[in-house]
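Below, each structure is written out as structure tokens.
One chain, chain A, appears in both complexes that follow, with chain B as partner in the first and chain C in the second.
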Partner chain A sequence: MLYKIIIATVSMASISAILSILLVIAERYLANYGECNVTINDDEEFRTQGGATLLSTLNSQKIFLPSACGGRGTCGYCKCKVLEGVGPILPTEEPLLTAEEMKENIRLSCQIKIKQDIKIEIPEELFNINEFRTNVAMIRDLTHDIKLVRFSLIEPNEINFKAGQYVQLQTNPYADVKESVSRAYSMSSPNFEKSHVDLMIRLVPDGICTTWVHEYLQEGDDVRIIGPMGDFYIRESDSEMILVAGGSGMAPMVSLLEDIAHRKIDRKITYFFGALTRKDLFYLDEMAEFEKKIPGFTFVPALSEPEPEDEWDGETGLITKPLEEYLQKIDAIKCQGYLCGSPGMINASINVMKKYQMKMDQIFYDPFG
Partner chain B sequence: MENLSPWVIFFASIFTGNILLVYFLGMCSFLSVSKQVKTSLGLGLAVTFVLTVTSALNYIVFFYVLEPLGLEYLRFIAFIIIIASAVQLLEMVIERFSEVLYINLGIFLPLITVNCAILGVSLFMVIRQYNFIQSVMFGAGSGLGWLLAILAMAGIRQRMNEKKIPPALRGPGIVLIITGIMAMAFIGFSGIVQIQ
Partner chain C sequence: MKETPQEKKIYQDFRPGKLTKEGFLGSDTRHVHEIIEEDKRTLSQLGIEPETIADRMQYFIEEGKKGLESNVDLGDFTVRVNWFRGMLPCPFGEPNLHHKITAVVRNKALNQEITFTQLGVHLIGSHCFFMGHGNRFRLEPDDLVKFLKIN
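Moving on to the complex of A and B:
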């Protein structure tokens, strides 16, 4: 009997061992891409171990392409031009590339892997993107589900950005989440305050990053952020600015308004802010303050589902309702639109703006989410 | 089974004893990956490759290691380990040489490991006492049969995209009904040759 057990064990073990050895050898030769050369804009060059995605390889070289989704292939921000050294377009890239971009060899750097020497082109301004070591200086409740978090910059200790841009917040591992993820948040701090960054973060049920911020992040924690990124910032002009935001979409608007007040820019600005009920509204005092500081500024909050006890006498309905009523009254063709909020709100607002002849190239937004 | 020509077994396992349409093995990936002809072709080829390789490997291990040592009862574990390793190997090869196919196959490539058609072929081969050549032909034929079935299904599903289907039947529902009809059609071949 014992003999039988030993025979069985030994033979199964040796079969497994032989197979494992085979696999190890195969991995040595098949999954090993060796060292590859990465050439950027024809002048900078570095060597790296192949096999990783282009985005993560560039990140490890402290070159940060914008990425709002953290490499999941959903935001399409990390596009870059690949001149040579990459295979055909992958199914995961297709939905995010236009036919024109495909022709120009624009690729999603989070999806393609470095398997051989590769030549890429990235815009010079991306070299300004930095990774900051920061310390959580303050966490404050703005509403029942939105928190304002202030990150003091440690290394580097100053950030230069345009009001309205965003940063990527890298989570620390917590509870069951063992991996660090990164998510994009617009900065609400003004760009003349360079020593810290404020983010407004709304709790998304089951969201990896927002749960971390709301339930685990403590004042004094060390956190890494990457930025600044994005092309949501003020376009200089005399035309009226129409701001539309909902929930934590308030963040970049506060930064824009601070910048405008600080530089004493004289433009007409109307800001439509949508919320569900009175308890989802915040920063009303700050907005009243801006109305005093900026002569042409009007703040229009609207509640879509006001409770009876809210005693709300302002605008009601979706934010598109007061927006549409306002655009009817003015010469909308010349206006600039600045939008921040949920994709649904942004699309609905764009449709209204287009209906009143606002030009697509004068409507600016960051499609997070 | 000594007297059956390997070629007879090969063609029989494609048409009359189709592993999918007659034995209904390997349904999981058949139902989920049969949306596009291109992907189905890739998966079908991968299954064919794994089937051919594993039937040969399993034959050697069963008749030269397990049987002489009286360890036939370990064949399930042994077969699964071998299948798992072969799939791992295949995964590495595909990732290296065709990333498009790799992403298209996605999770179904590692899932070939637990595709019951693969284990089924190895077990049939033992039960039916095929010799080595017969086993390999049986593996290759079954793989091609599976490929044929999933390609046909993918072709039908691609055309079905534009058709009006009752909401309750969309997805796996209508696919199972079509599979049933295809299986009945394949009964038409069964008069040609019998291999059991």
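Moving on to the complex of A and C:
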């Protein structure tokens, strides 16, 4: 009996060992895709070792597709058209692609791997996206959970962007976080000041990037950012601009207002900013300055839970309340909407804007998921 | 319990710094399977399905969303939902994505507060995973059932 057990055990161990060796061999040879050609827009071409994702391969060539999640397949921003050289749509792509996009061979570049020669199409403006080496020049508390961080650009030392656009901030490894991650943040700095980038970053509970910024990042640290990216910028028009933001959604609005004041754009602008209590409000002095510099500008802050000690005599309630009261008084159908904040606030504001006939193609926001 | 190589790869995502800063296991040294099995036994003794708990938690998230980060009064409870930008994948490797939503629910009668996430609701409802001990979002199944007044 014992003899049979020993034979069975040895046999099982031998089979397992043989299977393991076969797997190693298969991985070594079958997963070796060799060198592959990547052709972009039927124009540019480069050779690369196969096996990596399309997004990381493009990044290695200093070609950066927009991405808010850093290649984890959660934001859906790194879409590009693949003309040939890739297999069927992956389960990890499906939640982020529409039926229309699937038909048009739009793929998530962070999910597909290069295993053979591949042809892709990407918009020309994406070639303007750069990777910047920066140094943290200043960190300042704006509220109890939002910090303003200034990144001085070292190489390249200038950035050209449209007010309202965002950059990807790449973390350095810290504590238990051994890998770098990247997240998208709108720039609050004016686009005519090209030597630095300012970001407003709100602490997300258990967030990898925001915890790094709030608890580990120091002035003087070297950090990499990639940008500019995004379709949130001023659309030239004479129509009134309705701005709605909350929390760190203030960032792109400040950049827009700086640009408007700098270019002396003559438009009516009403900016609704929502916060819970007085301690969640910030940049009030800056907004008062904008009201002086931009003749048609009005700032409307609203507190949803003002404390007695706040002695608040401004608007109260959810930000949608003063927004709705205002839209019903004007010819809202002609207005443009610019939104930045939590997805819940954006959704609620869009609903109010649609109720007053504002056109969806005149409402602009970066959803970031 | 033996792990397949695929399971080993998946369970890396439970560790700190992979999907979230603290990960999902806290200071718990048990395997994910063992954590789930023990919590399943607790629920079985209570005669409650994890989906029932998840449905109740989802109700609070949906009601809380209406408050745009302010407190929403729901009678015996209040809820405040913070909805941050971005999505999180499930650490069990499913392709579905989950909004970065945190809900703080207060049970007025008990004068107690709990905090959970949208991903946490999914982990309970679909995987009966209540997080490891020591994780900031760990909820004890029996306490949670009482807190949510599910019985």
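Odds and ends about this structure:
Following the convention adopted for this analysis, the second predicted complex is superposed on the first by the 347 of 369 C-alpha atoms of A that agree within 3 Å, B and C clash if a C-alpha of one lies under 4 Å from a C-alpha of the other, contacts with A are read in each partner's own complex, and residues count from 1 in each chain.
Everything that follows uses one rule, which is that a contact is a pair of C-beta atoms (placed from the backbone, for glycine too) under 8 Å apart; a residue touches a chain by one contact, two chains touch by 3 or more.
Please read all numbers here as calculations on a predicted model, not as lab measurements.
Once the two complexes are laid over each other on the shared chain, residue contacts for A:285 go to neither chain B nor chain C. When the shared chain is aligned, chain C comes close enough to touch A:74, but chain B does not. In the superposition on chain A, contact of A:113 is made with chain B only, not with chain C. Contacts of A:11 after superposition: chain B is touched, whereas chain C is not reached.
When chain A is checked against chain B and against chain C, the one touching more of its residues turns out to be C.
Contacts of A:87 after superposition: chain B is touched, whereas chain C is not reached. Once chain A of one complex is fitted onto chain A of the other, the partner contacts of A:276 are limited to chain C, with no touch recorded for chain B. By the touch criterion defined above, A:124 reaches neither chain B nor chain C. Judged by the touch definition given at the top, the superposed model places A:361 against neither chain B nor chain C. Residue overlap on chain A between its contacts with chain B in one complex and with chain C in the other: 91-92.
Within the complex formed with chain A, the residues of chain C that make contact are 15-17, 20-23, 65, 67-71, 81-89, 95-97, 99-100, 102, 115, 136-137.
Touching chain A in their complex are the following residues of chain B: 61, 65-66, 69-71, 74, 77-78, 81-82, 85, 88-89, 92-93, 95-96, 99-100, 103-104.
Contact residues on chain A toward chain B in their complex (touch as defined above): 4, 7-8, 11-12, 15-16, 19-20, 22-23, 26-27, 30-31, 87-92, 113, 115. Residues of chain A touching chain C in their complex: 68-69, 72-75, 91-92, 94-96, 175-179, 183-184, 202, 204-208, 211, 246, 274, 276, 304-305, 318-320, 342-345, 348, 367-369.
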